[in-house]
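Report on the following structure.
Labels A, B, C, D, E and F are assigned to the chains in the order they are written; within every chain, residues are numbered from 1.
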Amino acid sequence: MDSSIGELLLSGAKLMLIGMGIVYLFLALLVWVIGLNSKLLQRFSPEPLPQLAHPAPPAQPVGDGDGNEAEIVAVISAAIHRHLNN
Amino acid sequence: MDSSIGELLLSGAKLMLIGMGIVYLFLALLVWVIGLNSKLLQRFSPEPLPQLAHPAPPAQPVGDGDGNEAEIVAVISAAIHRHLNN
Amino acid sequence: MDSSIGELLLSGAKLMLIGMGIVYLFLALLVWVIGLNSKLLQRFSPEPLPQLAHPAPPAQPVGDGDGNEAEIVAVISAAIHRHLNN
Amino acid sequence: MENFINLWLSTGLSNVLWGQLVMMAVGFLLIYLAVRKGFEPLLLLPIGFGAVLSNIPVAGIAEEGGLLAYLYFGIKSGVFPLLIFMGVGAMTDFGPMLANPKTLLLGAAAQFGIFGTLLGALALNLVPGLQFTFKDAAAIAIIGGADGPTAIYVASRLAPDLLGAIAVAAYSYMALVPLIQPPIMRALTTPEERLIEMAQLRHVGKQEKIVFPLVLLILTAALLPSAAPLIGMFCMGNLMRECGVVERLSKTSQNELMNIVTIFLGLSVGSKLSAHAFLRPETLGILVLGAIAFSFGTASGVVMAKIMNKFSDNKVNPLIGAAGVSAVPMSARVANKVGQESNPHNFLLMHAMGPNVAGVIGSAVAAGVLLALVK
Amino acid sequence: MENFINLWLSTGLSNVLWGQLVMMAVGFLLIYLAVRKGFEPLLLLPIGFGAVLSNIPVAGIAEEGGLLAYLYFGIKSGVFPLLIFMGVGAMTDFGPMLANPKTLLLGAAAQFGIFGTLLGALALNLVPGLQFTFKDAAAIAIIGGADGPTAIYVASRLAPDLLGAIAVAAYSYMALVPLIQPPIMRALTTPEERLIEMAQLRHVGKQEKIVFPLVLLILTAALLPSAAPLIGMFCMGNLMRECGVVERLSKTSQNELMNIVTIFLGLSVGSKLSAHAFLRPETLGILVLGAIAFSFGTASGVVMAKIMNKFSDNKVNPLIGAAGVSAVPMSARVANKVGQESNPHNFLLMHAMGPNVAGVIGSAVAAGVLLALVK
Amino acid sequence: MENFINLWLSTGLSNVLWGQLVMMAVGFLLIYLAVRKGFEPLLLLPIGFGAVLSNIPVAGIAEEGGLLAYLYFGIKSGVFPLLIFMGVGAMTDFGPMLANPKTLLLGAAAQFGIFGTLLGALALNLVPGLQFTFKDAAAIAIIGGADGPTAIYVASRLAPDLLGAIAVAAYSYMALVPLIQPPIMRALTTPEERLIEMAQLRHVGKQEKIVFPLVLLILTAALLPSAAPLIGMFCMGNLMRECGVVERLSKTSQNELMNIVTIFLGLSVGSKLSAHAFLRPETLGILVLGAIAFSFGTASGVVMAKIMNKFSDNKVNPLIGAAGVSAVPMSARVANKVGQESNPHNFLLMHAMGPNVAGVIGSAVAAGVLLALVK
């Protein structure tokens, strides 16, 4: 059985090399394509920069369904607050 | 083969006549039923007209799920706007 | 057939006794467990009472999905109302 | 010409059977009750449509390969009623019950409506022309639980053929609670009893509310596993509600998921309203028994409250016993309303919510008993 | 080494067939049209993704056991298009049509697009290399209905192989309505006719709106049961909208349920865009016929309006006849816009909504005729 | 009497096996961790309930015909994890990654956690009593991807028996990221490195964001079709988010659809936590390997960042390399927090989002490799 485990480990090592190779290659290719794409877009179809160059907005990975509502509430609260302070 | 196409076309023409006939008959029947229904309702169960006789509200055929929210936002904006202008 | 109905009724009566017995036992057990649980929690992990000892909030058994919206609308209306009255 | 004959032969008019006509009329009646009378419209409207659609001749919408046959699989598998029950769990606040656990006993008593009806259904075999097996009787009895998804779940397991009639009876009588209960409540209580004011409910902490569904689940698993699908999904819904960390899931199970399943459930229940299953003397028996079941449940709840008052100083207004049948939240509102007829300042609603939600547990337990012992 | 060969053999590049490449390009084209041109993006984006995913070599996403094969079951069973149709019903306001029922006839006339195309499809058999059976022709003809779910439902029943091409043609031409219709409308009307102002629509009461879907359902059940699945679900959606007691269900069927089914429907339609089914001369025929169908439908609607004006004093602006093809609400907007070119103060939108929703009923009726008579 | 015996024989207590007791305890532990410790509650709560429900004796909720057996079909078919992945795509903002594409390499490096664990799992065969086939090892390795739906998708394809343990390990360690990662990050970086401030990210235009998912899809189709179901659905979700014309679909796939599928997915994963599949020495191995996988991934990401700094002037704070394991957005937050321990004004969050979302792509690619080469 030991020998078969040895074989298994060898296959595993091979798979590791190939796997990491592919992952690196694929993502490196992606790096290159993203750069290329960005350049092409800037040359052939430039977008106007937003007025105030700000960093990309934070990603909202999960559960931002209530964002709008929160915003509405915030707007309301602000309105009421200013009103009361008048 | 030509003859069979001839037959096909003949069946198609028949189906066209029958089909358009049924569509017309069905919708004409509907015209009559709607009128009848409207008369019956007005006689036996009249609804009070809305204060301001206005045309039927616009159909909202697709994607009006956010209507309410939009309305809320509009109301808020108006409130804030008037407030700021005070 | 009458005799078999008699048997059926007898089985039914038995099932009624057993069934009501189990329902009572189960819920009585639940009464006891709830009490025990309440005591244990109060001893080992007491929760601060809310400032204003108020009765439990009303149950919302069905369809309270719009509660928040209603609240928002209420808040807005109040804000606008006060505003207009200023 | 041939085409015209084909056409005529393809119409509903040339193919309709009397039974289908009657069942479509029943469907439209249900729609009417839902829309104009406000009878449990969320269920009766889709059930009514299901009844109409499944009885349209030629179309075969409820036959193999038709829409309603596919949807019905959600009931056959038990998935739809269990998802609804999860949503109901997520909508249920056990606070009032936990504040006054004694009210659980009222919810227990009201289940007499179930078992009494079982006996009644068996007794109906004495009427010539009526024939109910033990399984049929158990499925009919569950109407007395006054709880839609539980009734549908049990009926789909024990007597799928009666499902349509049972579901229609259950929801109809739930809608009729404001008519059925008050006379019984008034008949069984003295004016003084109806005036009893109850002590304000204690505050129930968040932890108690979180622990309760887990404890309920453990007891069910240990003692009555046949009720575990129903009570398990109910507890999951309730824990999602109370734990506060899965708001998204709780909201969705109360709203969108619930609504989607409600539409599908109603349509598929309606598809069981076929002439051959519904237009039988048995259906009349079911309707009569349903009314009796609700009355029995109401009466037992009220009487139980009076018995409890004999043995305890903390008096309970016996009107809230009627809420033990469940039919949440309708019967709790009825208890409140009848109480305010005597004293407009006596607010029983919160107190009645205790037996009301206890009734949901009680009928799920009774359902478990039936599923375990009726083979 | 062996591993590297395995790896290369597992890539898409080493396995791709020309047909798959072309179909992926078609998929990306649909996505482009959806995203950049705004062509019916709600459907064409998922359809485009479905086309791309199902044509990726090796992955087998549309083959047995793959995601798209599972989703396709929702079309095969008819469940998806019928649920969409329920949602469309819940979004439809029949007010304008009920206020002016004559406009139903415009919706009827526009269905000539369907039956004319049927004849056209059969005539294409004269072109060498093209071969359409009667069923194929009927499925193609339904493109002329300008109604997505109806087209998908009929095609899935009569010619599943053509489903992809038919759905793509239907949605593409619906998106092209603002380009296809105006020249035809202008060609068939005089400047004076385009200036006709129509009387303000009468107010339509809540009761009329509630009764209408029920009446429509009854007529369908009696006369055209083969259209009952489509029209029945449509009426259910519309009644949920109008009755006011099941707001929850109406909202969900218009929004979340609709959106979920739209994603699934689009993906599964896309999965039918396989090279072997799409890259055939027949597809070209379908695309040509689709354009003809829309033009015929538009023309018949306009001409019908002109005929009606001959016999009635209540003049109808013939431009609103073009809205009879359905393509809700696009073609009603087109009618309004073309009208305002002549007189910017002439608001035809509401008047055009009548034939517009009538067109939906009309094409469902036509679908029923095809399903009943084409065997 | 007989009835009482039947009754006792129908209780859970009289039928329970030790294994079921233990697994129910595990289920309650998961619920506890979800509710009280906030460990990935959206998944661990339903998984915990699934574990409890499926191990209730007699009830058979996870056996054929039971609710959980039906729900499990959504995993077996791959539909649930793929729909979740679509929703994750709709929630992902690739902006930070597109602004600094180099960070993709950090996401690549962190996948060493996957392949290192594969080797570790195979090596565990040396421990007497443990036995992992090549497929098992690959399925376990995917835990190192720190991505729930990917892990569930791969495990359901390669080793359905281990699915429960693998999913639990994956989500548990994702919840433990704030404990596991910081010591490793501190050990592998110098104080100076942790102080590196990174240049503000450039603005990424809408067009770039729209084109990216399409490009990613094309590359996947061409080079790694076995990853196409996962990445394809992810890209569809992301395009729906960015294109701006299908807001409805994007919202629904992020919210209601996601929530519904999450509940079902969790329950069905839990149903794989049966005693016979979980109470084996292999599970201990899986848990140990899972911890190692996360540590390896974290370390490789950090080391990769240090290597990149050797060859580039645009210095990268090596802490953000740890975010390459994915576990979105937790590990990006951890990177930010550890960075602020050194300099409270150094905001790394946005910079860490780049490798973070790259890690999602990276593990989907690794999953594709495993699915393609492990037979």
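In the analysis below, contacts are C-beta pairs under 8 Å (C-beta built on N, C-alpha and C of every residue); 3 or more make two chains touch, one makes a residue touch a chain.
Everything numeric in this text was worked out from a predicted model, so none of it was measured.
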item	value
Farthest-lying chain, centroid of Cα atoms versus that of chain D	A
Homomeric contact chain D-chain E: same or different residue positions, threshold half	different
Farthest-lying chain, centroid of Cα atoms versus that of chain B	F
Cα-centroid distance, chain C relative to chain F, in whole angstrom	37
Rounded Å distance, chain A centre to chain D centre (Cα mean)	48
Junction residues of chain B, two or more chains touched	15, 18, 22, 63, 65, 72, 76, 79, 83, 86
Shared-contact residues (touching 2 or more other chains) in chain D	3, 7, 42, 223-224, 248, 251, 255-256, 373
Complex contact set, residues of chain F against chain D	3, 6-7, 10-13, 15-16, 24, 28, 31, 34-35, 38, 41-42, 45-46, 49, 52-53, 56-59, 61, 65-67, 70-71, 255-256, 259-260, 262-263
For the chain F and chain E complex, residues of the former touching the latter	77-79, 82, 86, 210, 214, 217, 220-226, 228-229, 232-233, 235-236, 239-240, 243, 245-246, 248-249, 251-253, 256-257, 372-373
Residues on chain C engaged by chain D in the complex (per definition of touch)	5, 8-9, 11-13, 15-16, 18-20, 22-24, 26-31, 33-35, 37-38, 41, 45, 47, 49-50, 53-62, 64-65
Contact set on chain D toward chain C in their complex	42, 91-93, 95-96, 98-99, 101-102, 104-105, 107-109, 111-112, 114-116, 118-119, 122-123, 125-126, 134, 137-138, 200-201, 203-208, 211-212, 215-216, 219, 223-224, 251, 254-255, 328-329, 349-350, 353, 357-358, 361-362, 365-366, 369-370, 373-374
